[in-house]
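My questions all concern the structure below.
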Amino acid sequence: MTREFDFERPIVELEKRLNDLRALSEDGQIDLSKEIKAIDDKIGIMKAEIFRTLEPWQVIQIARNIDRPSTLDYVKILFEDSFLELHGDRLFGDDPAMVTGFARIGNHLVAVIGHQKGHDTEENLYRNFGMPHPEGYRKALRIMKMAERFRKPVIVFIDTPGAFPGIGAEERGQSEAIARNLCEMSRISVPILCFVIGEGGSGGALAIGIGDKIFMLEYSIYSVITSEGCAAILWKDASRSKEAAGALRIRAQDLLEFGVIDRVLPEPIGGAHRDPAAAAATIKAAILDTLPTLLEVAPDDLLAIRYAKFRGMGRYKIERDADNVE
Amino acid sequence: MTREFDFERPIVELEKRLNDLRALSEDGQIDLSKEIKAIDDKIGIMKAEIFRTLEPWQVIQIARNIDRPSTLDYVKILFEDSFLELHGDRLFGDDPAMVTGFARIGNHLVAVIGHQKGHDTEENLYRNFGMPHPEGYRKALRIMKMAERFRKPVIVFIDTPGAFPGIGAEERGQSEAIARNLCEMSRISVPILCFVIGEGGSGGALAIGIGDKIFMLEYSIYSVITSEGCAAILWKDASRSKEAAGALRIRAQDLLEFGVIDRVLPEPIGGAHRDPAAAAATIKAAILDTLPTLLEVAPDDLLAIRYAKFRGMGRYKIERDADNVE
Amino acid sequence: MGWLDRFTGVKKPPDPSDLWKKCPKCGEVLLKKDLERNFFLCAKCDNHLRMPVWDRIALLTDDNSFVEIDQDMESADPLSFVDSAPYSERLQKAVQNTDSFEAVICGEAHLDGKPLLLGVMNFDFMGGSMGSVVGEKLTRLFERALQFRFPVVCVSASGGARMQEGIFSLMQMAKTSQAVVLLNKAAIPFVSVLTDPTTGGVSASFASLGDVNIAEPEALIGFAGPRVIEQTIRQKLPGGFQRSEFLLQHGMIDMVVHRRQLKATIGHILQLLSSSNPAL
Amino acid sequence: MGWLDRFTGVKKPPDPSDLWKKCPKCGEVLLKKDLERNFFLCAKCDNHLRMPVWDRIALLTDDNSFVEIDQDMESADPLSFVDSAPYSERLQKAVQNTDSFEAVICGEAHLDGKPLLLGVMNFDFMGGSMGSVVGEKLTRLFERALQFRFPVVCVSASGGARMQEGIFSLMQMAKTSQAVVLLNKAAIPFVSVLTDPTTGGVSASFASLGDVNIAEPEALIGFAGPRVIEQTIRQKLPGGFQRSEFLLQHGMIDMVVHRRQLKATIGHILQLLSSSNPAL
């Protein structure tokens, strides 16, 4: 059973009624198949309409939904039994909020890195709600460097509210860990594909997000700050997070427009959690589409192109020609 | 005031008497200058004889002497005001048992790394008696890699009873930290000069001891285990450490014979603590003698020669020709 | 004063309506002109108050050697962002109040007679937040360092990312950090000076990546702000948490340096890391 | 059984005078022949008892594929070391008792039909201590891996350095570790399997340097021995300290693997790190 969103409630009500009708119809008392089909079609149209016109704060709800597939859910579907998880940063600890390993997909051996959220409270406590400590980032870096040595491309899944803001995290250099990864990822000389599958939360997301191609699932988000945090700071009122959500332009479509990501991957209607296999198939297609081309690029060129990609991000103007936004 | 060793006591007694005589003589009552000179000469001969025939356990006393110059004592003399200490491993902490930085000597800019002991109890508690935690080794590695980037040779001072055996040290991977340094030091492509200045205690010493030239001060020691530890394990009796000290062959002269070190640096009579400036002068001469030649070796050759140096260490025989010790 | 005046290195005169300041540490009332003469150190408790950007530049460079670069670069408003006020208005106000177009001033200067590239963040400009312009100017600074093989010094003071620029502001972390790696690879010294406060996206990118990281005494430095941490873990933070001395102890910075020694220390570092033979 | 017999891969027959063993964990009395059949796992509590070196080799390699190398290398006695007995006598006794010349057996074998180089330490030979021969044999193994581009698996069981060889034994840490780096640089997979116990100079050199570090359940793994630590810090150590699960939690190993899954897991790792395209 997956939970429903507020904005899905009208549909859910209709679906319940429809099921009642179906039950009656199957009892054989009366043939309602035509009516049922008609209602079903209407529901389909309504659903499509609702999900076509979602507000940003509604997308946030989907992106954060506890039932939404996180890294290991996709890993299981994409890599089947080939995934082998590796643990530890070789320095301090093993962070369950970050999952790393190696796997096979199609004809490719790859390294896998991703934030891991839980699907219930217990799992979320264990996974720290997908918020890594420095050791998580350092584990990811270790595996990326290993991937580079063994010439395996890296597949990254991004799904975090952000890097954990806590005492131990600060003591062990959360800033250093994130900054170091930004540095090092820009020089890992194998292809890196990044998939934002849920929440792309600020520096904690970007710290594993430097890649050659950046994909976002349709209802995932990527933001410099949570809408709540933004509202608290700029509106001095956390309850105005819906406004902040709109202002921040955090949807996949926005980021595509800004040229910050490469492609939006459509999700099944209702969101990836309604049909994880379908979402995974889209991701798989993106991997198998993209990797062969990237694998033919010489390592130095790959790094130069990756540098240029992030080098070009930003919008500013030069005062002397104020009209020419660069 | 420096403390005396048991085996120095006869000399110290004589020196006291001599001073009494000098006082009398200077009072002008009676001219004893001839007798004083004769006694002084005799003391000199006795001293030389005692220090020429020291037993290994006596050398250990000198090597561990709390007054013996440790890294920063030499740093002050060798590099004067040019030494700039850098701190921290960028991962967990800053270890006061390990000192790192950059400095100038003669015409050379160099990196400096060394274990640091204290000269009194308070200082020793702060320096943890020169026994590093993993963060000490990781700080040293950070500075060595920085030295490599900036093409500065590395000067290493070894003076530790060993890596610290404690809970935190094990938690944070003392084994990993030492092993990692052994690896990485073998690939640092700038000249590395190592000076064993006091205690070369096992893996905790070796972890910063992979260099192109290894020097030992005359009364320093270098051992796979403390003589006490060895006696406790092999003789099942820690009090038999004098025997163990002899059996382990831990003196500079022994290691030179074994081909494990490159040169023994003579100390002032009585030990380096009697005249730190003289000991430092010997170290300085060794640095300035050795560096120019090493700096002319191409980095790849330097690494190949360093590899071969440690590759050749060990004594074994092949059974089929049991007589040919390789 | 427009960018043309600043281009000549003229210093902003003190605002007559604002003659004194209270030391936030000991409460001492300090005359601004005394503060200026005293490097913005509290005369009573030696507290390092925030130092205006042009005073900082004067502190760290040889007299009259600083020449600003990229001073005419201004923020765009790519999100047409509006909170209680439009971002464009906030920007205008910040430009008026600080006489800067943005939260970092970059330039070429000399220190001990040797060339260096210097970037100094301006906390007064929207909390020193890093948007596209800050990221672009610093990246250009790093790339210029690469081109001329001059060392770089960055003085950070920032609350983090410029929220009003959304994802563009986040990406400046990547942009600046990847430029620092090029410096590393080319063995061009990069000294990062962290001043009060340096948090968020600045702390978690280039500012933590110095070959040598220096902090001023008691500066607040960290990834997450103390209030966010307290709200998350629901407990009060220990004294000294996220202060310079805490970072030194935790291995994140190389040294805590008094403002009076800052220029000499940077000079010392650059000399030791220089590729030339030292003077005998 | 001399080295010539071992060369053919014949397994040592069980010693008839020593038919049973008590599980050190649960106290269950176990018949040695049952133990052997059961991979030296306690039938009652699944405790992983120490596994004899030839059984270990059989466990990890395809049937009859193992060919020993460097088996005729013996320790010298460079220090003419004598404690309560001369080192040379101790060595002789160890050779007699273990039918090995030294504390590591190295060889070439197949796993899942693919070639690999395997080193297995023998704790029964002077506590698996690493002297010149252990260091030399492992270094040759690594160098052979480099030459043929075969992956390497090392199974460690060691109390640390061979004290009787003094400084030579210490230097084996350097010798083996620097050879591992060459494997790293050449992207030749190195899997380190840590078994009970792996401490001291072995733990602090090649054994911690696997691309993948695997430990058997509840193995004691650490730098300093627990008794040394207790004497140093004058307090009792917490339960589970320095055990495999502790190391996993502290980020030092990649996984804790049950002995029954060990071969399959290593095969999986080597397949994922291989340079060839996987079978479709």
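Quick notes on this structure:
So that you can tell them apart, the chains are marked A, B, C and D in the order they are listed, and the count of residues begins at 1 in each.
Here is the rule we use: a contact is a pair of C-beta atoms (placed from the backbone, for glycine too) under 8 Å apart; a residue touches a chain by one contact, two chains touch by 3 or more.
Since the structure is predicted, the reported quantities are computational estimates derived from the model, not experimental observations.
Interface comparison, A-C against A-D: more C-beta pairs in contact at A-C. Comparing mean CA positions across the assembly, the chain most remote from chain C is D. Chain centres here are Cα averages; for chain A and chain C they lie 33 Å apart. Computed centre separation for the pair chain B/chain C is 43 angstrom, with centres defined by C-alpha atoms.
Each chain gets one centre point, the mean of its Cα atoms, and the points for chain A and chain B are 54 Å apart. Residue positions of chain D touching 2 or more other chains: 184, 250-252. In chain A, the positions touching at least two other chains are 90-92, 172-173, 176, 180. Viewed as a contact network, the protein chains fit none of the simple shapes, being neither a path, a ring, a star nor fully connected. Pairs of chains meeting the touch criterion are A-B, A-C, A-D, B-C, B-D.
Contacts from chain C toward chain B in the complex involve residues 184-185, 187, 189, 211-212, 248-255, 265, 268-269, 272-275, 277-278, 280. Across the interface of their complex, chain D is touched by residues 82, 84-94, 102-104, 106-107, 109, 135, 139, 146, 149-152 of chain A. Of all residues in chain A, those touching chain B in their complex are 90-92, 134, 138, 172-173, 176, 180. Across the complex, chain D meets chain B through its residues 3, 72-76, 78-79, 81-84, 101, 131-133, 135-136, 139, 161, 163-175, 177-181, 184, 200-201, 203-209, 221-225, 228-229, 232-233, 237-238, 241-242, 250-252.
Listing the residues of chain A that touch chain C in their complex gives 163-167, 169-176, 178-180, 182-184, 186-187, 202-203, 206-207, 209-210, 222-225, 229-230, 233-236, 243-244, 247-250, 254-255, 258, 260, 307, 310-311, 313-320, 322, 325.
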